[in-house]
Amino acid sequence: MKRILNKPENYADETLKGIYKAHSDMVTYVNDDLRCYVKKDIKPGRVGIATGGGSGHLPVFLGYVGEGMIDGCSVGGVFQSPSANQMFEVTKAINAGAGVLYIYGNYTGDIMNFDMAAEMADMESDIRVESVVGADDVASAKKGEEHKRRGVAGIFYMFKIAGAAADEMMDLDNVKRVAEKVGANVRTMGVALSPCIIPEIGKANFTVEDGMMELGMGIHGEPGIDKGPLKTANEIVEIMLDNILGDNPLKAGDEVSVLVNSLGGTPKEELYIMYNKVEETLTNLGIKVVKTYLGEFATSMEMVGASLTILKLDEETKRLLLKPAHTPFFSQK
Amino acid sequence: MQINREHINRIFITLGDIMVENKNYLTELDAAIGDGDLGLTMSKGFSELASIVTNIHEEDLGKLLFKLGSNLANTVPSTMGTLMASGLMKAGKALKGNNSFNDEEMAAFFDNFVIGVMERGKGKPGDKTVIDSLYPASESLKESVLEGKDLRLSINEAYKASVDGLESTINMASTHGKAAVFQEKSVGKQDPGATVGKLFIEGFYKVIANL
Amino acid sequence: MKRILNKPENYADETLKGIYKAHSDMVTYVNDDLRCYVKKDIKPGRVGIATGGGSGHLPVFLGYVGEGMIDGCSVGGVFQSPSANQMFEVTKAINAGAGVLYIYGNYTGDIMNFDMAAEMADMESDIRVESVVGADDVASAKKGEEHKRRGVAGIFYMFKIAGAAADEMMDLDNVKRVAEKVGANVRTMGVALSPCIIPEIGKANFTVEDGMMELGMGIHGEPGIDKGPLKTANEIVEIMLDNILGDNPLKAGDEVSVLVNSLGGTPKEELYIMYNKVEETLTNLGIKVVKTYLGEFATSMEMVGASLTILKLDEETKRLLLKPAHTPFFSQK
Amino acid sequence: MQINREHINRIFITLGDIMVENKNYLTELDAAIGDGDLGLTMSKGFSELASIVTNIHEEDLGKLLFKLGSNLANTVPSTMGTLMASGLMKAGKALKGNNSFNDEEMAAFFDNFVIGVMERGKGKPGDKTVIDSLYPASESLKESVLEGKDLRLSINEAYKASVDGLESTINMASTHGKAAVFQEKSVGKQDPGATVGKLFIEGFYKVIANL
């Protein structure tokens, strides 16, 4: 294990301590619990947006808490859901009178805990809560079974666009509507070239041999759709685009945003090599890329690999996407 | 027969022991079709309940169970932690106001526990989950109690039903949770969560059968 | 080699093509040469700032071309200097009448080429050029031999602060003075846990075994000062701080900026675990951290490891550091 | 003796061959105390010069050498590429206006070449660099020419001086470039750049000695 750490069991909490020290101007925690992460400056009357999930995916999830995006995040252990109670504490802290929207990834543990938290918010604090799950990974379930899909990097667009909607003082129903619209129009496909290691476990619980790749592997190492020898960047991009556009067809004149995301170990250089092919293909199809994001947006610690996300835009989502945002991990002018 | 606070304490202390004894076994089962954390979460969650149960000042057994459920949810917010917590909380709410449980109330406990699990996880029997060992046990108990059998005998039969239910998961294909991605590949493997369900019934059986 | 690429020999150029496609609003190239990278919008009368160096270190070097920072960058092959002629072309393109400052890393190949470019600028275009080299790596030469030190992540501060000085319309001498002041006050130390692979070579030309680390290793794999079993994050930070503060002592009341940089393969979580210890130690010494940066600022592709940079601030450098900046790879409000 | 354009062409074609033949050898030397790219850069840079030299329409040998230097600098902007380029450009500037070189001018070529290398790299003899094979050769040639020796003999002696100079680098410690970090550890290893310097002299020697 090639990792810089102290006690593996303190991985998540020491990360959090470092984050609070580095970004004390913007974020803090509530209920004396490092794992109840909230924005310092909550705008009265604005719909609150909360997320949550396991550690080990920075900047997902807490990295999108900040101006123009989301307001709070409950933080679990590495690849573990936080508890319903932590979610509830965050919910109370960020509720500014207009209700709270939960946006989180489509994983059983998280769903059950967020559902429980929503019940607590309703029963104990009369806070109206709505939920939208991110389920953008086309490789994780076939068409017609979209509700079974895992949430991966595409959730970034939900945070960005729902956050901008809340900033426009849309009400909870509308912020939810916008988040759902993003969900319906965003697709991601990933490729993994190496596993990652959960610090407390100390060894990978799956393998991808040198010179091999697994297309569609999940960010926790969930099995993908094709394991085989490593292809070229252009071939990988073609397969990804085939799957994404096969699932959510685009036509000439459509406008999209593209996100090329590193799973952690893949350097930026390679994301740009991929993007070179993505842009070429989309341009040939007459599709316009309105906004491009490249870098680490949803990772699995040191996992080598990348994912491609395409969001089909309409006037509303485009306007909201292009608004400024500013968090400790993401900044857009 | 009346199940009182002292019995409940013993049941949760027994459950703590059982989950610790089965830690590696659960880990192996979960590693085969999941992420391998089940032994860790169940032993951690139930030993915590065992260590706090005697110190909770609460006469109302419904409220006690609800508190134990909340505690479990906080300690181990994994799928099974949350499901077992939801079962305890649902049953606790349903049985609020009772300082002891008669046979019907014990049947109601299991009935509500299973409903809590099903509501939380949106699962049903046959999905290859914890429900497949809990549900048959609860149904068996309900019937035995209706027939007026002695609770010691009823819980014994319920336990047997959970063992059979667990066995039946071997031939099922997973549709929920991390195992769902394995689908057909999960056939032939015993469900880890259903194993926890059987162990949970076992804890009640071990205490009640010896009263 | 776990890499997403097409032909290894096209690594640098395909990366550049992707970058131009993704960021065509901000950057372009001159002389029909992808490797002559310049900011689109050159401000008349402002001192131009150029850098240059090998590929494989993103965001170093070109990533800092943009608003509030630098204006142009000549780009070499992976770990190779660009040519003097490319530097000269960039120099001509960014000169806005106030002369050009070169800021680049202290490596023989780059020095010789930038010197040659400066001669060309003087002889052929009458452009006044001054140069400052980044030489912040304390592990690369002992005290008294600072001029032999390698330039690593600390060059980011030179770009940021000199860029802000140029934006204030300081003249060439003053922009150079400020860059030199940063150079005199910035120190970095790194640790490597794995090698990196130059795509065209296809195998690492040095090794760091699993469970081992090399303190002070350079970003091209230059030997460090201590090779041994991997220590804890806290121990590594202590050694780094000992070396940095031993070289450039700080006292209670001093203000600094801290940069915890991933060499590529080390995830953000671990940078925060390191920062948790950095901040604790500095706070105990009565030193105030005015601004913290964490993430990928100077990498070696997929190399696992991290570096710690500390910049001692004065009023002027602090003011300039805190000014906004915005490039495709770096954004500060 | 007059070195004319045709001779210069042959020299650069010969240098291209020599660097290609020694590609692996240079790579190995550079891998031991540097980054291992020297074989690649020198073979690439000098074959390029070999392939363009005959097509350059330029009577003035000074300007020709300057152009070859510029080309080398563009093709291989590595340390040695830039140093050799600087040598050619410096010598070209110094010899501007000559359509052929007499013995004194050949000595001036090497003298200025070495000065160009020293100015660019801020190195001096003894630093374990290319200078350690170039400088003794240049000094030897200067002296021989002063003594009025035949250029064929002079260049032979200069070549021998470069061989000795190269050999002397084995016992030196590196102070420049990537090898500098090895310092004492570089002692015992022949300097890669000095090897290029010796091969460079060899190219001139091979052509001129056979005139």
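Which chain is which? They are A, B, C and D, in the order written, and residues in each are numbered from 1.
One rule holds for everything that comes next: a contact is a pair of C-beta atoms (placed from the backbone, for glycine too) under 8 Å apart; a residue touches a chain by one contact, two chains touch by 3 or more.
Just so we're clear, the structure is a prediction, and the values are computed from it rather than from any experiment.
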| item | value |
| --- | --- |
| Euclidean distance of C-alpha centroids - chain A vs chain C, Å | 29 |
| Rounded Å distance between chain A and chain B, as computed from the means of their C-alpha atoms | 33 |
| Inter-chain centre distance, chain A versus chain D - centres from mean C-alpha coordinates, in Å | 57 |
| Contact graph of the chains (line, ring, star, complete, other) | line |
| Pairwise chain contacts under the document criterion | A-B, A-C, C-D |
| Complex interface listing, chain B residues touching chain A | 31, 35-37, 70, 73-75, 77-79, 82-83, 85-86, 120-121, 176-178, 180-182 |
| Complex contact set, residues of chain A against chain C | 1-6, 11, 14-19, 21-23, 55-56, 58-59, 191, 193-194, 210-211, 230, 232-234, 236, 264-276, 279-280, 292, 294, 296, 299, 301-302, 304-306, 326, 329, 331-333 |
| Touching residues (chain side chain C, partner chain D) in the complex | 76, 79-86, 108-109, 112-113, 115-116, 140, 148, 201, 205, 218, 220, 222-223 |
